[in-house]
Amino acid sequence: MTTATAFNLGLAVLVMVLACWTVLARGAFAATVGFVAYGLLLAFIWIRLGAVDVALTEAAIGGGLSGVLMLGAAARLRASEALIAAETIAAGRRLWAAALSAVTALALVTSVLLLPDPAPTLAPAAAENAAATTLGNPVTNVLMAFRALDTMLEKVVLLLALVGVWSLGPDRFWGGRLGPRHRVDPEGMLVFLAQLLPPAGVVVGIYVFWVGANAPGGAFQGGTILAAMWLLAMMAGLTDTPPSGSRRARLVLVAGPSAFLIVGLGGLWLGEAFLAYPLAYAKALILGIEFAMVPTIAVTLGLLLAGPPDRSAQS
Amino acid sequence: MIEFLVAAAGFILAMVALGLARVLRGPAEVDRMMAAQLIGTGGIAVLLLLAAARGVPAAVDVGLTLSLLAAFASVAFVKGASPSELDEAGGR
Amino acid sequence: MSAMIIFAICAAAAVGLGLFGVITNPHPLRKILSFNILGSGVFLIFGIVARRGAAAGFGGDPVPQALVITGIVVAISATALAVALLLRLFEATGSVTLRADASADTSEDRAAP
Amino acid sequence: MNMAIVSDIFTIAAVSAGAFFFLAGTVGLLRFPDVLTRLHALTKADNLGLGLVVLGLLPRTDGLLSALKLISIWLLVLLGGGIITQLIATSARRGGPPE
């Protein structure tokens, strides 16, 4: 066994143990901590698979943001755990579930191992057409040019999810500020961290967006880092969420998808197709869309985590 | 040299795994709060060693992201474990 | 044993574990967590497919990688919505149970104080 | 002796020293009796270990920017780690006597 194989094996075992912990741990908080560790370490597997773009996304989203989302929910649902503990599932049914899961996993393993060799791939096609956009990062090429419709609709999904979350706020709080207010930490340690870390984080976020054209990175990864820094400042009580009625916030929320849509319609108007970029301006247009997208992504993700309107419009 | 770097990464990963096992077991929730911290140091060391071994400089950017996000998650751990830290919604 | 086989087993195990958790955990928050693990397993399978398709000087087929990034974004959107629904359910009924027959007694609990 | 060998020896020495500190941190985490001492073992030893690993990898970077990135990762971890440890310790103290 080579060193690399031993490393891969150790990494896989560790990630699987964490997945088991997340599924089987007794308390919701303990399970969520396991999930955060799982998400952060999953990024390592993505590195081993040579997908650094995905590793960046997974580290930022899987470990960071969704973990924090779950932690906040676990803290607010603490009282519900004792209520639901009585609802156990009969041993027989657990056995059936285990068998079903095992069969599913086995079927997946065999189908992955039986994939045709040489594997079908679109890499040559992506390489052939890379010159059209002159971007050096093939994943950005796919996201922003070859499958731009997917990416545009993905941003719409983010926005729709936010609309869904906002619509869950009680009527009396409509137009009010989003989510609970965080108290300023009396010892000031958290405030100190929230003053020191975000400036560095903003630089990193913009850097990750900027290198995305030619190296792993991009608008989404950069925007996620910015969202995390904003949320950190919120958790320290340094800033508050905007009210859900805020015009400025709503403008930022729709700016990114609108830019995408306008460019897409422009392609249609120029007679080619929806989202067809004129070759001479392809790179500039893609970077322009990404640039418009970064603040939208940061604000949408930040507000998704903040939750529905939770305070009356006056406060 | 590459063998050495991967071996060092494996060794530190084993240390992180042992630490995680200890930290997740608890019993106090304070112990569990250290999990992200543990990955934020040991995990990043593993990542940097891997980046050097495999010659993927971009993996260093993942380390940069991880260092920020691990700190962010740790703050959420501390706030999540002590619900009194979270103020009640102002409207109630 | 090649890296692909190890990670393929890992991905399938994540799917299996997630499925088991979704079925057996009574708490909806734990179901959401399990569902995320299931999803990450599916993403890993995409990653393996991408890695096997390495060609034309790329370390992996960029198309499945881009699909996974889109998938991660959609997953967190859905997760955030699910968590918000769950929190609202708890706020409205004081319970998070998903049992169909439980709605009657929880509303009585709420009426008592 | 040429430069490549010298830099390789430097890398091996520094990374090994870093790995040793990770070992020390984990031993402390496993063996120390209460939360505050465990926290102390984890933060101090691991941050030093990461610093040594970064130091060892510096000669292998391909330019000033990459070297700066490595150093800034360490500084970020130091900064974040130090403050978060304080937060965790405060939370431990507030939650009554740690077992």
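Order of writing sets the labels: A, B, C and D. Residues in every chain begin at 1.
Note that in this section a residue touches a chain if its C-beta (ideal position, glycine included) is under 8 Å from a C-beta of that chain, and two chains touch if they have at least 3 such contacts.
It should be emphasised that the depicted structure is a prediction, and the values quoted were computed from it without experimental measurement.
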item: Pair exhibiting more inter-chain C-beta contacts, B-D or A-C; value: A-C
item: Distance between chain centroids, defined by C-alpha means - subunit C, subunit D (Å); value: 33
item: Centre-of-Cα separation between subunit C and subunit A, whole angstrom; value: 13
item: Subunit B and subunit C, separation of their C-alpha mean positions in angstrom; value: 21
item: Set of subunit B residues in contact with two or more other chains; value: 16, 29, 33, 61, 64, 68, 70-71, 75, 77-78, 81
item: For subunit D, residues that touch 2 or more chains besides their own; value: 72, 76, 80, 84, 87
item: Touching pairs among all chains present in the structure; value: A-B, A-C, A-D, B-D
item: Residues on subunit C engaged by subunit A in the complex (per definition of touch); value: 1-3, 5-21, 23-27, 29-30, 32-34, 36-37, 40-41, 43-45, 47-63, 65-70, 72-81, 83-88, 90, 95-97, 99
item: For the subunit A and subunit C complex, residues of the former touching the latter; value: 1, 4-5, 8-9, 12, 15-16, 19-20, 22-24, 28, 31-32, 35, 38-39, 42, 45-46, 48-51, 53-54, 57-58, 61-62, 65-66, 69-70, 73-74, 76-77, 80-81, 83-84, 87-89, 93-94, 97-98, 100-102, 104-106, 108-109, 112-113, 115, 119-124, 126-128, 138-139, 141-143, 146-147, 150-151, 154, 157-158, 160-161, 164-165, 168, 220, 301, 304-305, 307-308
item: Interfacial residue positions of subunit D with respect to subunit A in the complex; value: 72, 76, 79-80, 83-84, 86-87, 90
item: Complex contacts: residues of subunit D adjacent to subunit B; value: 8, 11-12, 15-16, 18-19, 22-23, 25-26, 29-30, 35, 38-39, 42-43, 46-47, 49-50, 53-54, 57, 60-62, 66, 69-70, 72-73, 76-77, 80-81, 84-85, 87-88, 91-92, 94-95, 98-99
item: Touching residues on subunit A, where the partner in the complex is subunit D; value: 187, 189-190, 192-193, 196-197, 200
